[in-house]
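In what comes next, chain A is part of two complexes: it sits with chain B in the first one and with chain C in the second one.
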Partner chain A sequence: MSGIVASIIDGLLVGSVYGLAAMGLTLIWGVMDVVNLTHGSMIVAGMFGLFLLTAGLNLPPYAALPIVLAGGFLAGLALYWIAVHRMIGRPPLMSLLSTFSINFVLIGLGTAVWGTVLFNVPVSVPGFTFGRYTFPGTHIVAAVLTALLALLLYFFLYRTRLGKAIRAVAGNRGAAELVGIPTTRVLSFAFALGASLACVSGMLIATLFPFTLLSGDVYQLKSFIVIVLGGLGNPTGALVGGLALGLLEGLLTPFMPVSWTAVIEFALFVVVLIACPTGIFALRRS
Partner chain B sequence: MKRLGLAATAAVLLVAPAAFAEDNIVVGMTLSQTGSLNVDSLAQQRGADMWRDQVNAAGGIKVGGKSYTVKFVTYDDQSQGSRVQQLYTRLIVQDHAQFLFGPYSSGLVATAAVISEQYGKLMVITGGAEPKTYELGNKYLFQAITPADGYLKGAVDALHSKDPHAKVAFVYSDDPFSKAVIEAAEGQSKEAGFEVVMNESYGPSTTDFGPVINKVISSGADAFMGGGHYPDSATLARQLYDQKANLKWESLLVAPGDSKFATLGPAALGVSTGSQWELSVKFTPQFGPSGAEFAKAFKDKYNIDADYHSASGYTAGMVLQHAIEQAASVDPEKVTAALNKMDVTTFFGHIKFATDPGHHGLQVAHDMVLAQWQMKDGNLVRNVVWPKAAASADLLFPIPSH
Partner chain C sequence: MTDLASTHVAQRRDSVLRRPFFWVIGVAVIVFALAPWIGNDVELRESFMLATIYVILASNLNVMIGYAGYINFGSIVFFGLGGYICVYLMAVPQWPLAAAAPAAGVIVSALALPFGLGILRLRGAYFALATIGVNEAVQAFVTNFKPWGGASGMYLSTALFKPLGGPMQALWTIYFLLVAIMGLSLYLSWGIKISKFGLGLLAIGQNEDAASVMGVPTPLYKAMAYCATAFLPAMAGGLYFFKGAFIQPSDAFDLTFSTEAIAIVMLGGQGTIAGPAIGAFFYEQLRGWLLTSETFSNFQLVAAGALLLVIVLFLPGGLMGWLYQRWPRLSRWIE
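The block that comes next holds the complex of A and B.
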């Protein structure tokens, strides 16, 4: 196997987790037009959730997933009522500033408690070796779990009553209220769901790489690129966008210095915003 | 009139900086309480704090029959150069710091040096190894640690002793310190007869090294040197292990010098690093504590093991104190002259500063050792493996399972 193929496969595996991280961000934007800048903090919360559950309670790493999902949901609910609810319907800049401030508070509190020390969660999953190249088992498991979660999210949004209510509120909040949908409850649920997806993506990332309290910023930035690629407000597109970003990173690295990857990613971000503002994989928002 | 006098007195008391109190020596510095440099910066600061507390507990620095209490003025630079610029100006102009300690990391030191030189303030550096800062004609800057070109010299020599024809891949952070280290190490590797099969930098915020490690594998490298600061070096170690990069040798910057590196488990085994100080290397100090005394006092105070960053932080204070005592004055010019003449051995090693205008303040006597993570009684421990004269264990080569 050539290094290029190995890089592409690895890029796709990691890209799927980028997609999961972006799903939460795009869901929140799609439903309530809120740019959630606590997204990075939620990703980090998932990382620390995994660390505390495995190191503190000796839970197997993947058994932490439902707990992180539930914890993220509750944290998301709290964030919604503290920082977002009063900003709904106001200019997006208001919620952006509100969540930006909360993010600073969360990172500041976290730094006071943990510092920016690196944490590592040892996860032992056998990988696959082809020739000289090895694909770590953790990357494969993370990609499989991401696909499963994306399917569940799709099923929830398109096949359940609550999911349909979320899509209705996203489409036209006023009309949704007229037909009796409790929109405030739906909005808080959607925000909490987005936050819990961010937490779970953080948890999965923590099985792949060591992390610090500041790791969330990088994944938040990647999430913005992913949702622009996949279409703002489109959770399914986010997964495709994540895979595209991973593929791009895998394809570029063999041919140019790795320090150029971020430059090209953000150049692409600007190009897509200008040329194709609904995303290159945009599906019509329901 | 009385009221006016009281108000004037109050105003003087309010604005009078601590420096005006005759029995104080005010030392200013920034530390990275927040941001990416937090871990190493705080370790350095703990060392400096311990020096201050010990000096003050012993009655202060004694000069000409008078004792001076050491007072620190510190600010959080948030690991950002722009903050360093503002805060060092504030330390000098508002807080009237008489002496300065440098911030942590070469980039921040370069920024702070512009300010300290502009105001002619003496600054002792123990967290900036890049040598370029000392080639700018600075007069009041003194580097107490080995410069960047010494960081991987031990690794190159040790590797050469085992494999004179190694194929080396250099992958490193795109920051001033790491670039300076690798530039020197690449030259040293070529002199040693190694084949350099890859030389590539990455952005300091890189979190996934998977694609670049595949590139290392494709290059046919059997030795790896690089990294940068704590998070990226540790992530590289973990991913090199996860992706079984088939390496016989792995030397990384900074992170393996921290005891938390052992949390990487098997990924840490065999990884080596250039270290400014290790407890097992014994020097006979001309003044100050022995290495064992320093390590014990540090453990007693903070309940964590001392590393080279904390030892270097303590050394900054020790060097300044010795210079003040030798100068028998707190006059900055006299203390600067004493530092220019300094040629001493402390528990941290031999310290002497270049005095020629082209390299003034550059450290010319201190040597680093090479430390490697090895197994002992089922636990990961950091042993000094190079130079042989200072080694506490044999070199582990080839390293297992990488």
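The block that comes next holds the complex of A and C.
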């Protein structure tokens, strides 16, 4: 019994990081109605950012966080101006295709340079032992950092002028423009913020598990599941959705082989999309 | 797009046989079948065989993307599932290819209809996400499904090539069958486009709510399109994996293949019949060239992605859109 509890707690720790990844995706969706399919490659960029900074520059792993955050922001700005800006206001399918093709280019470049071999970044943090179970230190640190970043994001969106501008543009772009908000600048900022959140979550995931260049697809799909659970376009919902997915994984792991959890997750994803596309938490509110 | 719909109705009054495009398709398919056969050119046949697969996937996908305006990221699930069913029927109950491949098509279509009624309630990006989810769910399931060999897949005995006249002859037979399926795909997408059903799909693509108000049975039409475009890719999947005598989940449900099909539809011109076919042919040639060239062999994905980006950004009508703009009368001959 206590084994299941331990598995659930560990699932929740990891799930919070999924939530962080999904927050970046859902922020972009909510603000500009763009499904950002470069999300997976941004996550991978964060992973390789950590790898390069620790292996190349000998930085301690968690010191890489601010650098990855800033790098992700700049990459996000560039992506916005290359692929997304011309698609704002056009049918959503066009931005879907343009970000999709950028993802292709990035993954193609990455595989040409690094191939698809497994990478691992050794991070040593003492674990927390409780009875017969030890929770890995990296999982705890990742969850704490995620909680910190989520709080900062909340503070930013609800307490600062720029954050309020982002929410105004998400609510009604035309009206936001009428009251003098520079919408294009706000949109590019929101996209860059979303991309940098994806990078940081990728970096944190790389401290937990080994990764390859193609890991982005897996975590991008997990992010989709999370934002569908939490309701599209809702950053707080994304964190709750991430915890829900982590809980599910933690619950399932003791009972079935790991490869079956993917079947259940994707089946759940399709069912939730069809049955309640506004997210399972929206049902209660309405 | 509106003048497209009005010319469409005017043209419908002609008999199908008197329209030049009917014969253009037929001649193109025959030339395609004979070109490698005349010189007994095996290398050309292999290259054309891949091109037929691309044409089949792209022109069936085009019915969803180009007519109804629904982006299906997971169209490869039809191909992969068809491949699995065909290989399974040949390996275990020992069915002949002539029965297994059509059976695969029928089963996949039959699955697609109820499924389409469910996921086609979603619109736009929601639908696109769901199709990715469906493909991943099916792949994850097949990876765990022991009767189909799980993650390591299924092999076919090469003895199965015997009834087709040995391995050499069998490859030619498979090629001709794939060319025939390609021809059927082109006629199917043309036939849909000039029918009332196709007009309904085009109306859905322009404005689904308006179409519904005007009396188009939108949920049924969308599900029918989903189901009709599952049949031929599933059969092609059966033939393709029979040819390789091996199938595994990561090959059968490879999202890259779906993506390439989308790129091809956009490249050739969505909503046209010739566009996806020409796009597929050129894409296959380009891909072959990139794979064999020393400098570019690692950058095949980069080139495909960059090409798609340029089309989406600057040429949303694709090759056919550009040609029609320059020579408007071309649309009488090539639709």
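Please note the rule applied: the second predicted complex is superposed on the first by the 278 of 286 C-alpha atoms of A that agree within 3 Å, B and C clash if a C-alpha of one lies under 4 Å from a C-alpha of the other, contacts with A are read in each partner's own complex, and residues count from 1 in each chain.
Just so it is clear, a contact is a pair of C-beta atoms (placed from the backbone, for glycine too) under 8 Å apart; a residue touches a chain by one contact, two chains touch by 3 or more.
Only a predicted model underlies this, so the values are computations on that prediction, with no experimental measurement involved.
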Quick check on the chain A-based superposition: chain B and chain C, clash or fit? clash
Can A:111 be said to touch chain B (first), chain C (second), both, or neither? both
What is the contact status of A:267 with respect to chain B (first) and chain C (second): first, second, both, or neither? second
State whether A:102 touches chain B only (first), chain C only (second), both chains, or neither. second
So, A:35: does it touch chain B (first), chain C (second), both, or neither? second
One more residue to check, A:92. First (chain B), second (chain C), both or neither? second
Can A:182 be said to touch chain B (first), chain C (second), both, or neither? neither
Would you check which partner chain A:83 touches, where first means chain B only, second means chain C only, and both and neither mean what they say? second
Examine A:228 and indicate which partner it touches, taking first as chain B and second as chain C; both and neither are also allowed. second
Touching A:259, do we find chain B (first), chain C (second), both, or neither? both
Which positions of chain A sit in both the chain B and the chain C interface? 108, 111, 217, 257, 259, 262
How about chain A: which of its residues touch chain C in the complex? 35, 83, 86, 91-94, 96-98, 100-105, 107-109, 111-112, 217, 221, 224-225, 228, 257, 259-260, 262-263, 266-267, 269-270, 273-274, 277
Which stretch or stretches of chain A touch chain B in the complex? 2-3, 6-7, 10-11, 14, 108, 111, 115-120, 122, 127, 129, 132-136, 138-139, 208-210, 212, 214-215, 217-219, 249-250, 252-254, 257-259, 261-262
The residues of chain C that touch chain A in their complex are 69, 71, 118-119, 121-122, 124-126, 128-130, 132-134, 136-137, 140-141, 143-144, 151, 255, 259, 262-263, 266, 298-309, 312-313, 316
Can you tell me which positions in chain B touch chain A when the two form their complex? 33-39, 42, 174, 200-203, 205-208, 210-212, 214-215, 217-218, 230-231, 234-235, 238-239, 242-244, 246, 255, 260, 263-265
